[in-house]
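Labels A, B, C, D and E are assigned to the chains in the order they are written; within every chain, residues are numbered from 1.
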Amino acid sequence: ENEKFVLISHAPDSDSWWNVIKNAIQVAGDQMDVEVEYRNPPTGDLADMARIVEQASATNPDGIIVTIADFNVLQGPVKDAVDKGIPVITINSGTQEQSEKLGALMHVGQPEYDAGFGAGKRAAAAGAKSFVCVNHYITNPASVERCRGFADALGVELGSQMIDSGQDPSEVKNKVSAYLNSHQDVDAVLTLGPNSAHPTLAALRDSGLAGEIMFGTFDLSSEIADAIKAGEIDFAIDQQPYLQGYLPVVILTNYARYGVLPSGHINSGPGFITKDNIAQVEKYAGEYR
Amino acid sequence: MSTPLIEMDNIEKHFGPVIALGGVSFNVMEGECHCLLGDNGAGKSTFIKTMSGVHKPTKGVMRVSGQDVAFSSPRDAMEAGIATVYQDLAMIPLMSVTRNFWMGREPRKSFGPFKWIDFKHANKVTMDEMSSMGINLREPEQAVGTLSGGERQTVAIARAVHFGAKVLILDEPTSALGVRQTSNVLATIDRVRKSGIGVIFITHNVRHAMAVGDRFTVLNRGQTHGTAKRGEIKPEELQDMMAGGQELAQLEGSLGGTV
Amino acid sequence: MSTPLIEMDNIEKHFGPVIALGGVSFNVMEGECHCLLGDNGAGKSTFIKTMSGVHKPTKGVMRVSGQDVAFSSPRDAMEAGIATVYQDLAMIPLMSVTRNFWMGREPRKSFGPFKWIDFKHANKVTMDEMSSMGINLREPEQAVGTLSGGERQTVAIARAVHFGAKVLILDEPTSALGVRQTSNVLATIDRVRKSGIGVIFITHNVRHAMAVGDRFTVLNRGQTHGTAKRGEIKPEELQDMMAGGQELAQLEGSLGGTV
Amino acid sequence: MSDERIKQVSAIRRAMIRPELGAICGTILVFVFFFMIAGDSGMFSAEGVQNWGVVSAQFAIIAVGACLLMIAGEFDLSVGSMIGFAGVVIAILSVQWGLPIWLSIIAAFVVCMAIGALNGFLVIKTGLPSFIVTLAFLYILRGLTIWLSILTTRQTIIGGVKEAAEGDPLAWLFGGVIFKGLFQWLGDIGVIETFTRGSRMGQPVVDGIPMLVVWALGLVIFGHWLLTKTRFGNWIFASGGDAQAARYVGVPVNRVKILMFMFTAFCATVFATCQVMEFGSAAADRGLLKEFEAIICVVIGGALLTGGYGSVIGAALGALIFGVVQQGLFFAGAESSLFRVFLGGILIFAVIMNTYIRRMITGER
Amino acid sequence: MSDERIKQVSAIRRAMIRPELGAICGTILVFVFFFMIAGDSGMFSAEGVQNWGVVSAQFAIIAVGACLLMIAGEFDLSVGSMIGFAGVVIAILSVQWGLPIWLSIIAAFVVCMAIGALNGFLVIKTGLPSFIVTLAFLYILRGLTIWLSILTTRQTIIGGVKEAAEGDPLAWLFGGVIFKGLFQWLGDIGVIETFTRGSRMGQPVVDGIPMLVVWALGLVIFGHWLLTKTRFGNWIFASGGDAQAARYVGVPVNRVKILMFMFTAFCATVFATCQVMEFGSAAADRGLLKEFEAIICVVIGGALLTGGYGSVIGAALGALIFGVVQQGLFFAGAESSLFRVFLGGILIFAVIMNTYIRRMITGER
């Protein structure tokens, strides 16, 4: 009873997407009657994240849930935790192979490159040839992976099609408008999350291109959901973060209490949300979806 | 005897453990130049800073024209007609002569709620006042940093006189100046005094004091060593008083006379 | 006549458009105190900075003990035995007396490749030298910022003498000092001179110069106005020379004698 | 007592050497450069101009505050955190607490200016360098912002402000556009391009002047007037030039400095409010590194880091240069990560030039 | 000439008032605090100690460089960018170009120290404040880092260094651990916990002292010795205290300052190399905001922002406080966003205390 788990993400304090996961562990914690802490490196520095993993394992929790933001960085601390006998479940970014190499029980998540690749496939099917990938977090390796997957699926070189937009919404918006202005041939836009999707949407609306060009984004928010309904965004790649937070807690609790464990990994995403399936998603966007 | 322009009665000033002034009394009359002499660290600067509202006295009474006053800021002292030219000049080198001249009392024009500095007037007055002191500026917008030490000193004095000071305090105005600049400043003091303003002149240099002073007060380690009138005291005596009368004597021989 | 310790031959120094020195010749002999006088901006500080390696002369020859030299840094000048006490003191207030005293020439002990300052020795020497100058320090670790102006001046002089200077240059050491401190510094100069060191003493104050000087050179606007020996010239003449002989005359009357 | 050894300087040269000269030259240079390499990329079409205009205006808003504060001898590293904080305060008050927008905005201004005053108060009372005090507030405010927004909304991004702001009088003042009619007419007569496709076909691509730009212009004019024409401006220079000297002649240095900290906070809040009104959401990470960008604009504009010298016009030109370069590189299609390299280069170059100019003015060596 | 008007201070008081006094008190306070609120959370188990020990050691490494530089009167905002840059250089050279690790490490040291020297050279030649020059390099280096890593690998993270580093002599120096035997023995006799299952069963949870900690200790000792015992240390104080005065007595101020910039770069590179060797990858975002953290440690440690005063021991204690507080809050389970609020508070508190102490020492007012 009253087991203690720690979830460690790689996201900086300001990344709003993680709210869903925070909410999920809250719900799971209440339901299972366990204590779940959320921790992250404040600036998003992965080296700091490794320290947090070490620190978490020093407190001897009943389980650790961790993202594989960078396999290299995390393998030491995570392996140490596993060797100490702490059950570990990996979530979010990273691959299932990496998860196995780390000795984790299972992986719940979505590989970034593949998700980008899938998005690219869709765009290619819609006839896109030239795109821009709005990267609001260029210093984060996973973000570049997404753009790379997208480019590879379209069969084009990534090059300067990925723009370093910065985090500030005005900056993002203006940079996107500038780019679209000077590259009239762009027919697809990929944004990597609400942080870049919202301003990009504003930029497209301002230039009257919303709904005209192919627009895909990662992750969901209420604003993105509205835009999908309005036909301004074609699809959002949903990795269902709720599951990434909820399932590991439930599984770890049951594992701790009764030793039961599902076999195999769980793919929480990528799921594509389009106009067709938006209705059911919309209600909880940004909070549980 | 008329009431003094300013009168300090038994002023004490402590800085934490340091007793900078231990009961100093002092006054200055209209049209008089009262010299304040003393060694390094005697408390001269502290004393006049008290007089001009920079420090608040720990104990003692200040009277301006017979009225008790307590200054809470240099502004108050200025309002009361006490103008001070500090040892460290109080000029801002990067700013123009006009701006420095008027600092703190800028002349203003207004239109409705808007008020702005009347630069035309300010420049004219500055040029006039400076040339009446014998300094011809290239232009009033010249930065003070480009003036020589003597010129700066003169700007500071001209400013004080212009704003209708009743008492002008000068803290070691001559210590860094050459002979010619020094005699200029002394002449200016003389002129100012003759116009009826009371001057308090601080210096280490007995001869400078003797040249323009009407009365002389010597401070030593925060105490007054007495006040003397012009003609009542010889330079050598004054010097002995400043030095405390000891030590110095044995050097006198080899160095000859007053230093 | 023996060779001068240091000889400056027709030195010029330009700062961009400003000609600070326009051909100055000067020398100092063993055991002599040579005073350099002049108005503000005459170029005194510039001249001695040239002598001590801070500035490079634009033109002219420098000789130390008869040998042509060209200093590329103050260090070179120090190696050649020229020690300077600058107008702005060159002391670092937050550092201890010992560290200031030895600055640039710290005594070292070594062990293999490691070298470190020999603080025991350094402290002892500092205390000794200071007390031989008549200053008793509380402790050698005391920060220089806690010393009075006169005490700092003495540290600077003691330092120069200790490092076996052949020539000691003092730039207005007395301008900010009180009477007692001044006579101390003058006495120190006297002592130093008697030990065979050549002293170059810069001042505005004719009387200070007359007290210890053997020869007097007056600079004016970057030019020498001639050199005079002790006894050959009266203070009044020297003063006239410094001021350029004009203007001043008319003030003399009201101010009386030398300033 | 003038000195015959110093050559006289010519009148033209004298008229030219002013704090903002470097920034003026820089602006010309930058425009010529981008005309040449990106003249045909749409950078100088109505839409393009609006694009970099808005970016520059944003920089200008915070640069004016930073400029006056820097001239008064202090600087403020907490501007960026303040921007995030102000936005979140507005959003929480209006969306979460249901206050009307105008009240939320006023509350944000009050709170932020109070924090600015606290900054100033600490700097003055403790005598510490403002670098340290405001660095502390950089962390404190950012931490509070994240903590507050998570505490009240369990999110770090708070949306829905746009809906709440419908028809609000103050909201328009920060998020609206003016001269709509004029621009529609300009579009109709073909001076400005109109949309040729999409939902807004027929409307001009630029539909008015955003209030953001109006604010920027207003603040620049106000700042310039305040600094050069008024008594208070004289005191700002004096406080930064030599606080002790200023105090001696009766300038209320403490009041000046605290007011300037408050003005900086005011500018940061204007920035934040405009942004929140434009995007309809506030986020805890807004304004990251903006403090540096403001300082860079000011320094490019010729102000002295140590205070007592500078110009608001210069700072505004600095903001213009910053904005044009940042956006221009996109129009020119340069690798976007190189922007930072450029920025650093321009900064060093500008400052060296400004130093040279300042030495000419003040005769400083 | 001693002055009877000043009371004598007691010997104990004199022995106590030293630059690092504030930091010493702070350290004690912080430890007591965390003992109380997180004593049973594993924070003081071997593993927990290693955790905050390593974090503190990291801070200490950059703090030593920043401390000496600050005492020499300058400071360096490009430290954080330098860390990212150095890591990427090592990774590109070794993984992409296939150079041996030791050569890559040496190359990174050479390049970074050259950049440090360039920083110093610019500061000295132009006479600009180091704030501006190094701010420019903050942007330039970060831009270059991103651009380089994307150019060569199309990613902002470069992995695979660990594989390349197998058996490399220099790599061990930065990424290894020492005293393995000792710790194994401690584990065997039960002083340290051991793994209870898995492939490493029986091994101690802490398998030695990481080289990172060794580096930190080494640098602190070296820095302290250099500063307080050697001639060069005296020159560092002098250069920061009054550069002009130091120059006059023959201290080669320019050389001292440039060397200190290089030393700071050296420390940043040590930090980067240890990180790369430990984690096996380099990323473009490493080191973000580390410059501030270094400055904060130094200032908490009692150094004066304007130079000429400070202590390496103090800076190291500052780093310890920083590390313990940061990790301790996690151990105590506090909301992590509040960390920044704490940090800001500690900073202000520490600096006020240090100012008070300094005034007592120097008689400054």
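We adopt the following convention: a contact is a pair of C-beta atoms (placed from the backbone, for glycine too) under 8 Å apart; a residue touches a chain by one contact, two chains touch by 3 or more.
If you want to know which protein each chain is, UniProt gives these names: B, C = Sugar ABC transporter ATP-binding protein; D, E = Xylose transport system permease protein XylH.
Bear in mind the structure is a predicted one, so any value in this text is a computation, not a measurement.
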B-D compared against A-D, more contacting pairs: A-D
Distance-maximising chain from chain B - centres being C-alpha averages: A
Mean-CA-position distance for chain E and chain A (Å): 33
Distance from the mean Cα position of chain E to that of chain C, given in whole angstrom: 44
Centre distance in Å when chain A and chain B are each reduced to the mean of their C-alpha atoms: 72
Numbers and ranges of chain A residues touching at least 2 other chains: 13, 138, 164
Residues of chain E whose C-beta touches two or more other chains: 3, 146, 150, 337, 339-340
Multi-chain contact residues (two or more partners), chain B: 41, 148, 150
In the complex, chain D residues that touch chain E: 122, 126-129, 131-133, 135-140, 142-144, 146-147, 150, 292, 295-296, 299, 305-306, 335, 337-345, 347-348, 351-352, 355
Interface residues, chain D side, partner chain B - complex: 1-3, 8, 225, 229-231, 233-235, 237-238, 241-242, 244-252, 304, 308-309, 361-364
Interfacial residue positions of chain B with respect to chain C in the complex: 38-42, 148-150, 175-183, 186-187, 190, 204-208, 210-212, 239, 242-244, 247-248, 251, 254-259
Partner chain E, residues of chain A touching it in the complex: 13, 37, 39-40, 42-47, 50-52, 54-60, 70-73, 75-76, 80, 82-85, 103, 138-141, 143-145, 148, 158, 164
Touch list for chain A against partner chain D, complex: 12-16, 19, 22-23, 138, 160, 163-165, 167-171, 173-175, 177-179, 181-184, 194-195, 198-199, 202, 207-212, 221-223, 286-287
